[in-house]
Structures are given as C-alpha cells and as structure tokens.
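Look at the two complexes coming up: subunit A is in both, with subunit B in one and subunit C in the other.
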Partner chain A sequence: MAKQTSVEIVTEWDIVAARQLGRNEAKALGFGTVDQARITTAISELARNIYLYARVGRIDIERLDEDGKQGILIVASDKGAGIEDVRKVLEDGYSTSGGLGAGLPGVKRLMDSMDIVSKSGEGTTITITKWLR
Partner chain B sequence: MEELEREYHKILSDYIKDQNERNLYIGQNFVRQLIRRNVAPEDVVSLHKEAVEEIFPEEIEGLRTAYDFLIEMMVHYGMALREHQSLIQKQAELQIEMNIAANVQKTMLQTTIPTSEQVEIGMVSTPLKTVNGDYVHFIEDDRYVGVAVTDVVGKGVPAALCMSMVKYGLETMRDSGHTPSRVLSVLNRIVEQNVDDSMFISMFYGCYVPRANKFYYGSAGHEPAFLYRAQEDKFYDLEANGILLGIIPTAEYIDNEVVLHKDDMVIVVTDGVTEFRQGDDIDERGVVASLINDVKHLAPQQICEYLYRELEELHEFNLRDDFTVVVIKKR
Partner chain C sequence: MSLKVPILKLYDCLIVSIQWELDDHMAMMFQEDLLNKLYETGARGVVLDLTFVDFMDSYIAKVIGDAINMVALMGAKLVLTGIQPPVAITLVELGISLNANSTALDLEKGLEQLRKELGG
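Right after this comes the complex of A and B.
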C-alpha cells in the first residue's frame, strides 16, 4: 500500500520541510547516502521552483511498492502560470534563462524518471520517481 | 560500482603507505576511468568516504558527517557539471550541422566564372563564419555576361537559405539579363513576397554586352562598384540609386551604362571589403583602390586574391564581415 505524506509550499522554509520529509522517507525506504542526497536535492529544486515562480503549491511524497520493487514517488504541483513549452524546459541550457522550469533537466538526471503535465495559466504537476536498487 | 570501490580502496591504501608519484599517477588513471564511465562527483566523494571508513575504522566517526555534507554539496555541483557537458555535446552537434549546411550551400550556389573573348573575370568570396552571407552569381549568355553580387543583411544560416531564392530568381530571368532595372525589380518582388520583414538584400547587378561594348548596371542599396579607367589611370565610383531588395514591393530601379575600353576594370565588392574596423579618419575606398592600383596589370583573379590577402593582413587576420570581390577587365 502507498503511504502518502505532503508539505504545502508557502514560505521559503517550507522548502526545508519538504527536504526533511523527502529525506526521512528515502532513509526509511533504505536508500543509501548518495541517493538520499539526490532525492533531497531534487525535491529541493522542485519546491524552490514552486516558491519562486508559482508562489504556492505542494509536494506529495509516496512510497512505491510494485512487483517487489520499492521506490519513492514525488509529486510537485502548483496552480501557477504553467509552462508553455514543456519540451523546451527539458532542454539543457534553459535553466540559464531563469524562470519557470529552471533546472528541470538536472532534476531529471538525479531521478529515474520524470513526468511533467502543465497547462498555460492553470498550473504544473511534476512527478519524479526513483527506485531502490 | 563495487569494483570501483575495491580499486579505489587499493589505490588510496597504497598512497597512505607510500606517498610517491607512482601511486599518484595510478590515481590519475583511475580518475580517467571515472570520467569515462560518467561517474558523478557525489559518487566519487562516496567512494572516498567508504574507502576511508575501511582504512581508518576508529577515526571515521567524526568525519562521516563531514563526508555526508560534501556528498550533499556535490549533488548540486554535479547537476551543473552535467548540464555543462550536455551543452558542449549539443554545441558539437550544431557545429556538424552547420558544416553540412555550408556544404549544401556551396554545392547549391556554385557558379562558374564565365570565359569571354571581350572581358576577363576574377572572383574571391570568403565567408566570415561557416556559411556565407555574400553571394555571387554569373550568367553566361550568347548576348551578354551578367554578374550579380549580393549581400544579405542579417548573416548566418537564415541568410544562406535566402540565397537559393535569389539564384533561382536570376536563373529564370536569363532573357532580361541585359536589363539590370528589370532584373532588380523582379527580384525585389520575389524577395518582398517570400522573405521575412527583418531580412533585406543588397545587390549590384551588372552585365557586359559585347555588341554595344557597354557595361550596364544597377544597384539595390549596394556598395558602389569601382570603375578603373586605364587611359586616365584613375578610379571612379559606379554609383547607382536604388532601394534594398525586399522593402517596397513596387520599387523601381535605374539602368546605368559605361563604355569599356581596353584594360578598363569594373570592381564589384561587398561592404566586407570596404568597411574597416579602425576609426573614421581612413578613406576606406581609397585604400582599396590604391591596393588594386598596385596590381592593376595582373589578371583579374590574381587581383582579387591580392586584395583579399592584403586586406586580411591589414585587419590583422580578423575580418569582420563576409568578403566578396569581383573584377571584370576589358581585354
């Protein structure tokens, strides 16, 4: 069964809370130090994006257990301006422009998979997962 | 990863036992292997931490947190590093594409210098970057020899794409090739209709008609050509009024003409030849004319090559624009 926990992102310190939650979950699942650091950094980036560009949003963290494989799933969602061109934000170099979606290619590389659903003017939902090896 | 851990453990213990260059060199080779395998910086720190844990089990306690901290820091560092690597790779891919584009352009826009009993022609056209924003097209007909020298305002790939349109426009007007005003006004309409508003083309079109022994020419906002009169041993500007191609659909152009005598020359250039980097106090066209004057007795092709060499040197091998010169010499 999936166990879910979440953090609302409203102030900058909520980014820290999201990191903490991610760290606890990753540790409990048995991820090693390096992967814990990767997962936490990824959460930190997503939460920071929310805080900087959408103002408010939330981070939901779920433990995954599929066919005996365990992993962590993180959903970052907001009702901000949305990303106009999702393909573009996944290109390296985009982060240098600043703005919404900055740093996403880096986040993707830290994790096993990433999925972005975004509608201009309605918000963005980014889902990332990492499996325990 | 386990194999790397074992290997690193050995290299580090060897070094702790004996701090010599041999062990450091082995370490250096190990790093090469890490880079080749694309091992992230945080993993390298982790390798080190684990090796230290095994080698100094008693002393690791206080240090473990310090290493963990470094791992956290390195995750972010690694993110930036990987993005950088990926951008470098992307740049290399773009360069390859540019080279292909330049080759396609070369093949597509190839033009042969006409051979004629009345005039001898030479040309040099060298791009500043990979693709050329200047373009020369010759038309050889039994009634005339035509030459179009163009410069697309706005360089690089968009300019190159534009050129093929100019070429095919010119090719379809063989029958009007001896009337510059007609050539320019038709091309103007083609460019105006087909090209983005931000792109303009300047063109000098000239043709030598043996039967009249005259050189007819017209210009669409192009740098004036030079006329060298052998008998007077003097240079003149071949000015012609006309607006750049692609601005006003109904633009009209004027035909001008000069009679050519033996050893007279018409020298058509783009502004890459006459615009100097140095200040305003230099008579740029004067410098170009005097360089041509130095070698006026040579064949047109040699004159073009000399001019390019000299100007390249004058600009300290750092020309700032595409460079094109065509010399037409009356035999």
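Right after this comes the complex of A and C.
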C-alpha cells in the first residue's frame, strides 16, 4: 500500500480529471498503451456513472504491491440511491439512462477484477483492479 | 473552458481531426458544429480522423456513432480514420460497435476511399 490519490466527482469536468489521473498513474506504474487505455476508459465509465446517477462521489486510485506483483486499484464510491439489482447492471445492454448500456459489463471486461457493493438508499462502491503483467 | 474541434473543407469534403481529449461538452459541440458545417458548405463527405485519440469511453463513442448516423441522414458519407490499436481493443471489449460502415487506416487512405465512394 503506497501512494493514494483521489478526485472528487462533482462536475462533468471532474470525469476528465479522474481519467487523466488514472492514465498518469497507469503510465507511471509501467502499464502499456493498451492497458493504459483500458484503465482510463474504465475510470471514465465509473466516474460518469457517479455523475449521472449519484451526482457526486469520488474516485480513489491506489498503487498495489503484493508479493512482488504490481497493479492499480480504483475505488469509485458515492452516497447515491444505490443499485437495486447488481446482477442486472452486469447484463450487456441494460441501461436506465438511455445510454449504451455498455458501462459496467464493459468495465468488468476491461479490468482483471470488479467488485460492487451497493445498498439501496445508501450508495455504491465499485472496486476494480488491474495487475501489471 | 472548452476548445472547438476545427473542421476544414477540402473540395467537397470536410476534414476533421480530433487533436485532444474531448470532454462531454466539447463532444456535443463538435457534433453540432459538424452538422452545421455540412449544411453550410454542402459537402458530400466527411473524413473524421482519430489518430490522436488514445482512449474512448462509451459516451464519446456514442457521440461519434450518433454523428455518423446524423451525417448519413443529411445525405453525406463519413469515413472514420486513424483508430489506434488501444482504442480498437477497448471499444470491442467494452462491447461497443461504432456503426461505422466505412473506416480506413489513416487520413490519406480515408480521403481516397471517400472519393471512390462518392464516385469521383
């Protein structure tokens, strides 16, 4: 557990700030251009979900170093309405906002792991990781 | 706060190269600007170059996909060029199809392709 950085998501420009921070961290950790794009895209999707559904929240980015393995951990958290049916939001094409419905299932495919903790009325915390290969 | 995406006219085509990271607002403005410019100039084709775009999320992809459909509605053709490997990979993994019938490796090939499709 080393450096941790974060961005508060309040306006749509904070989405840009969050993904730029993620890209810089991914680059600094030595991820290649494809993984940098995956991480940047995943952060952008999560930050946009916060902005669209919870209005405010935060993105925390942390460098991982476990048993000599390095990686990046991103936590997207908000105190919004929460996700009613976590299984449903992981289905391709499911959207309540008229978007592409590619968001969360797509993010899961871009990353090595994704964990969603959500309570109706209390908020949502999504944790994603990517390991350096 | 937002910069505008420059749209150039070359003969009967519009050339657009996205040179920096688009925020949501800039992406929507770009869509409108492109359609207005198409209307004003009577251009028959558009080359949209994404060489300098190093990532694309579902929102930007939707704006670009919608722009492709809108350009088609106005009777013009759009060729998408310069999509970088990381962008192609992440778009497919995200599960997004851009609805791009016409793509080319780079701007030059895109222009050639467009001229061919426009029949001259």
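Keep in mind that, in the parts below, the second predicted complex is superposed on the first by the 124 of 133 C-alpha atoms of A that agree within 3 Å, B and C clash if a C-alpha of one lies under 4 Å from a C-alpha of the other, contacts with A are read in each partner's own complex, and residues count from 1 in each chain.
The criterion applied here is as follows: a residue touches a chain if its C-beta (ideal position, glycine included) is under 8 Å from a C-beta of that chain, and two chains touch if they have at least 3 such contacts.
This one's a predicted model, so the numbers in the text were calculated from it and none came from an experiment.
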item: Combined model on subunit A where subunit B meets subunit C, clash or fit; value: clash
item: Contacts of A:92 with subunit B and subunit C, given as first, second, both or neither; value: both
item: Partner chain in contact with A:106 - subunit B first, subunit C second, else both or neither; value: both
item: Touching partner for A:40 - first (subunit B), second (subunit C), both, neither; value: both
item: Dominant contact partner of subunit A by residue count, subunit C or subunit B; value: C
item: Contacts of A:48 with subunit B and subunit C, given as first, second, both or neither; value: second
item: Partner chain in contact with A:16 - subunit B first, subunit C second, else both or neither; value: second
item: Which superposed partner A:119 touches (first subunit B, second subunit C, both, neither); value: neither
item: Those residues of subunit A which subunit B touches in one complex and subunit C touches in the other; value: 33-34, 37-38, 40-41, 92, 103, 105-107, 109-110
item: Residues of subunit A defined as touching subunit C within the complex; value: 12-13, 15-16, 19-20, 23, 33-34, 36-38, 40-41, 44-45, 48, 92, 99-100, 102-103, 105-107, 109-110
item: Contacting residues of subunit C [partner subunit A, same complex]; value: 1, 21, 23-25, 54-59, 61-62, 84-87, 89-90, 93-96
item: Complex interface listing, subunit B residues touching subunit A; value: 42-43, 46, 49, 68, 71-72, 74-76, 79-80, 82-83, 86-87, 90
item: Touch list for subunit A against partner subunit B, complex; value: 32-34, 37-38, 40-41, 92-93, 95, 103, 105-107, 109-110
